[in-house]
Amino acid sequence: MSTTTSRPRSTRRVRRPLAAVTASFAALALAACGGGSGFDEGGGGSGDGEEGAGGETGGGTLEVLIGSSGDAETQSVTEALEAWSAESGTEANLSVAADLPQQLSQGFAAGSPPDVFYVGVDHFAGYAANGSLEPYADQIEADFFPALVESFTYEDTFYCAPKDFSTLALVVNNTAWQEAGLTEDDYPTTWEELSTVAEQLTTDGQVGLSFGPEWQRIGTFMAQAGGGLVDENGSANVDTPENVEALTYVQEMLAAGTAAYPSEVGAGWGGEAFGSGAAAMTIEGNWVIGALTNDFPDVDYTVVPLPEGPAGQGTLQFTNCWGVAADSQNKEAAIELVRFLVSDEQQMAFAEGFGVMPSVESVRDRWTEQFPEQAAFIEGAEYAQGVPPVEGISDVIGDFNAQLEGLASGDPQQILTSVQGSLEAVAP
Amino acid sequence: MTAVAEAPARAGDAGGRAAGRRSPTTRRLVTTSFVYALLAALAVVYIFPFLISISTSFKSNADAAANPLSLVPATFTTEAYERLFLNSDFPLWFQNSVIVTLAVTVGRVLFDSLAGYALARLPFRGRGVVFAGLVAVMAVPSVVLLIPKFLVINTLGIYDSYSGLIIPLLADAAGIFIMKNFFESVPASVEEAARIDGAGTFRVFWSVVLPMARPALVTIVILSFQGSWNELSHFIVASQSQELFNLTKGVAQLSSGALSQGTQYPLKLGAAVIMTIPVAVLFFVFQRRIMNASAGAVKG
Amino acid sequence: MTTARPAGTAAPHRRRRPGRGIQSGQAAAGWLFITPMLVLLGLFLVLPIAMAAWVSVSDWTGRGNPFGGAASYVGGQNYAELLTGGGLPQRDFATSLRNNAYYVLLVVPIQTALSLTLAILVNRRIMRGRGFFRTAFYFPSVTSSVAITVVFLFLFTASGAVNRVLSYLSVGGPNWINDPRGVLHIVLGAVGVDQPPAVLQSAPFLGLSWWQWLAGPSVAMCVFIIMGIFTTSGTFMLLFLAALQNLSGEVEEAAMVDGTTAWQRLRYVTIPMLRPTIFTVVTLGLIGTWQVFDQIYTGTRGSPGKTTLTPAYLSYETSFNSQQWGRGAAIAFILFAIIVVMTIVQRVVLAERDVVPARKRFYRTGQKGGEPS
């Protein structure tokens, strides 16, 4: 969910190319004398003030780092920052990370992190545990969805303000739907129906359903079967009959050829498979709307809720929070900025800009009114499962995903047993 | 052995004579055509990826996906390049690569030649130990140093700066060997004459030795340029700001990170083509020397 | 950095040979000349190793100064976790070792054989266009691995150039870079062995079952294997060419007079004489192939199914993404040890062969050629 190809031109340019060599030698001399460690000793260290490219930040400019889903998101955030800067008089620089977790981790380790940044749930616990994040969220007054607050609470402390959220739903290609002789009454509401329509939609050169080989998509089936990653107490609970049933179902569809991973149809992700016509249905989140509008404007589609499984409805929700670095030189301004960014007005602006759902309940009705065609997504909020906020969860999910790539020829029970083992290690 | 020592090509006539004496002409013809055919086929395999990259970079996304094999774009477009140069940080990456590469090259030429000269010509106590140390240090695989380098760069306070990108790359044991070997291969008489005239060691080095060492210096320039232009892992661990991205780091992230952006092969291949050009130019200009340099350097 | 200074000044007087001001001046200059490089090498090659050694036995998670109290000593815990832990870290590490081992096993012999073949073909004396072929084969070696990886990712997409060519030959190509199936598993599957026999299900070594160890390189890894061969064969071809040109022409001529065929000359004269170079190429190959990083970082980041994960990439990923710096450093050290051991083993094995009586009288002569220093 990140992009590198196009972002607004960097506002700061490096001004000292020629001085670099001279500086190098000066720094070498300095280094040899053992001066100037980059490792920050706790909160108030030297920070990135006098170091290289970060050199201009000393005067209170905020560095903001995001992982962007595309031009639209980058644009919206840029505008928001500009508006805030005009209002507050504090400069804010936006950078778009190509690889957000890596850039954040490296920044934390180097003691020169950005001031404000996106934090995904899967990395949240790790950053909170090692003290990288400033727990400021209690200073923000907003009625966040309780499930989102839950996601950013570590050891009973609510750390950072949820930015917005998305859920997964079923996206259907209207043209393909009609060509297969299906009508609005045929939108699948059960697994059996899903299999049936997927089969009907599968033609030469078009697969019925496509979704990424990852828990972040296949987990919806686990939820519908009544399973999940953890139980109510937050303990690992992967190796369950419900989850086996879900994976077995997915495996059957893959084997039947009515469902396929995007890479098998020459696409990078579900939205691309769907937009390019290689798949007639996909399971994706709100972001797919913007992507389709940009990349495949001619595709006619409908978003419907995911079908019910044996245990009823189920989907997954994803969210980011606005993290503030514990090492930030300018925490007050950073928190001020976040307060602005999670305000009702900004949340709606982001929703319009790149199709996310506001993290506060106060604008829920406004949002539903404005985006009736996306009703399926907000409906999902009722029953969605989130990423468990457990330290080390991202490695476990990463491992799960790696095994899911081989699901077509793998053994669901074996996969779940091994994931259970890994998850137990971090969530006993 | 070294970059500069060009092995004299073995007299071609001897081989020709021998072959003529050996066997009937027809048989030789068959063998020769077979060898040519084999070589030509291999050459196609080696060159084709580069040709296809160039042609694909001028295709549209759809064309690239539909006709991955065709060497002529169905619709010729410079869209990929426009996007790279006008609507991305690519020019910045390029600029950074140039800055770092030039600085590293200049630095290495200077330090390698100084150190190589000292090891070859200046008797000082501890020279043997230093030399042994260099040999040991050269054996450390660079990838193993990824994490450690970050720690050092950060401790020294040069993380995320041009200094951090450049200075660690100046450490180059192999270059010292090339220079040392070269200096050992030239007679000392000229320098001695200069020294008798009363010139100091550094003066001798600067105005007598260095000009003489041009062939070896060119080798160092080539290796340093190529090495730092193509370097990736060091830049990953030494910086984080977007302003310090260079070509390899930028293109690598473009290649692996752009999930929601679709495949975009013309764009990626365009970036790959552009980043190959400087090295390719260097390669074709100094072709003969590079061939020898590389053989020498690897053997080092 | 330094200035020219008159000869003979500042001579330390403890030198035993009096009156040789020039020489002691030179000694000072020697240190002066070599100091910049020593500082650089010390700072960026020696010191890092010491620092990483500390981090590898610490519990540093990436915040605060690991050398100033933000990390505490945990002994061999990080190593134990990787080697005997039984958890995800161990399994990932074992997987990465397996992946890389297959990479080494395939790349090293093939690239050695291919580069030798190329060198012999290009070295033919009656050959026209030698320069062209040499250039063509060597060019991939000078380009950046990032650029080449991008190109290969394009060539090996599901409906890409390679599969297009295969389809002309009526072969259905796999979904290369996205196919996690092990090659050996595919072969076994073709003869009806889909599930591991019970005997292979135990996991006695580093927590990975025999069945997993024996998966072979994944189809995705094969792309990197092909790429590795493609990019390095040119460099090694040059090494062989240099050695071939140093070979004594008379030796071969003498062999010709004996009425041997070209193949026999190659087998019994040329190759034995190239032995030192082969040794060099294999050593360099072994060292290089255990360090696969750029391609993985650019291309797959370990996917599909972790089958392109390599220890070098895992070490990076563990430190910089998962913030388990201690474990990441430990992986780096184990990798270092593997490379050292491999090189030593290879040295010993080949050295033993050297002791076998030299049946060719030219053998000794050949050794002068390309012995690495």
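Letters A, B and C mark the chains in the order given here, with residues in each chain numbered from 1 onward.
Here, contacts are C-beta pairs under 8 Å (C-beta built on N, C-alpha and C of every residue); 3 or more make two chains touch, one makes a residue touch a chain.
Quick caveat: nothing in here was measured; it's all calculated off a predicted structure.
By count of C-beta pairs in contact, A-B exceeds the other of the chain pairs A-C and A-B.
Comparing mean CA positions across the assembly, the chain most remote from subunit C is A. The centroid of the Cα atoms in subunit B and the matching centroid in subunit C are 17 Å apart. We define each chain's centre as the mean of its Cα atoms; on that basis subunit A and subunit C are separated by 37 Å. In this assembly, the C-alpha centroid of subunit A lies 39 Å from the C-alpha centroid of subunit B.
Residue positions 1, 40, 43, 65-67, 157, 159, 320, 325 of subunit C each touch two or more of the other chains.
Looking at subunit B, residues 65, 150, 155-156, 167, 237, 256, 263 sit in touch with two or more other chains. Counting only residues that touch two or more partner chains, subunit A has 28, 31, 37, 39, 106, 109, 111, 266. Across the interface of their complex, subunit A is touched by residues 65, 83, 87-89, 92, 95-96, 99, 103, 106-107, 150, 153-164, 166-167, 237, 239-244, 250, 253-254, 256-264, 267 of subunit B. By the touch criterion given at the top, residues 1, 7-12, 14-16, 18-19, 22, 31-32, 35, 38-39, 42-43, 46-47, 49-50, 52-53, 56, 64-65, 68-69, 110-112, 114-115, 117-119, 121-127, 130, 133-134, 137, 139-152, 155-156, 167-168, 170-173, 176-177, 195, 198-203, 205-206, 226, 229-230, 232-233, 236-237, 247-248, 251-252, 255-256, 263, 265, 268-269, 271-273, 275-276, 279-280, 282-283, 287, 290-292, 294-295, 298-300 of subunit B touch subunit C in their complex. Residue ranges of subunit C in contact with subunit A, taken from their complex: 1, 39-40, 43, 61-68, 70, 87-88, 91-92, 157-159, 175, 178, 180-181, 194-195, 302-306, 320-323, 325.
Within the complex, the subunit A residues that touch subunit B are 1-7, 9-10, 12-14, 16-17, 20-21, 23-24, 26-28, 30-31, 35-39, 48, 51-54, 69-70, 95-96, 98-99, 103, 106-107, 109-112, 266-269, 271-272, 287, 291, 295. Of all the residues in subunit C, the ones that touch subunit B in their complex are 1-7, 22-23, 25-31, 33-34, 36-38, 40-41, 43-49, 51-52, 55, 65-67, 118, 121-122, 124-127, 131-155, 157, 159-161, 164-165, 230, 234-235, 238-239, 241-242, 245-246, 249, 252-253, 256, 262, 280, 284, 287, 290-291, 293-294, 297-301, 312, 315-316, 319-320, 325, 328-329, 332-333, 335-336, 339-340, 370, 372-373.
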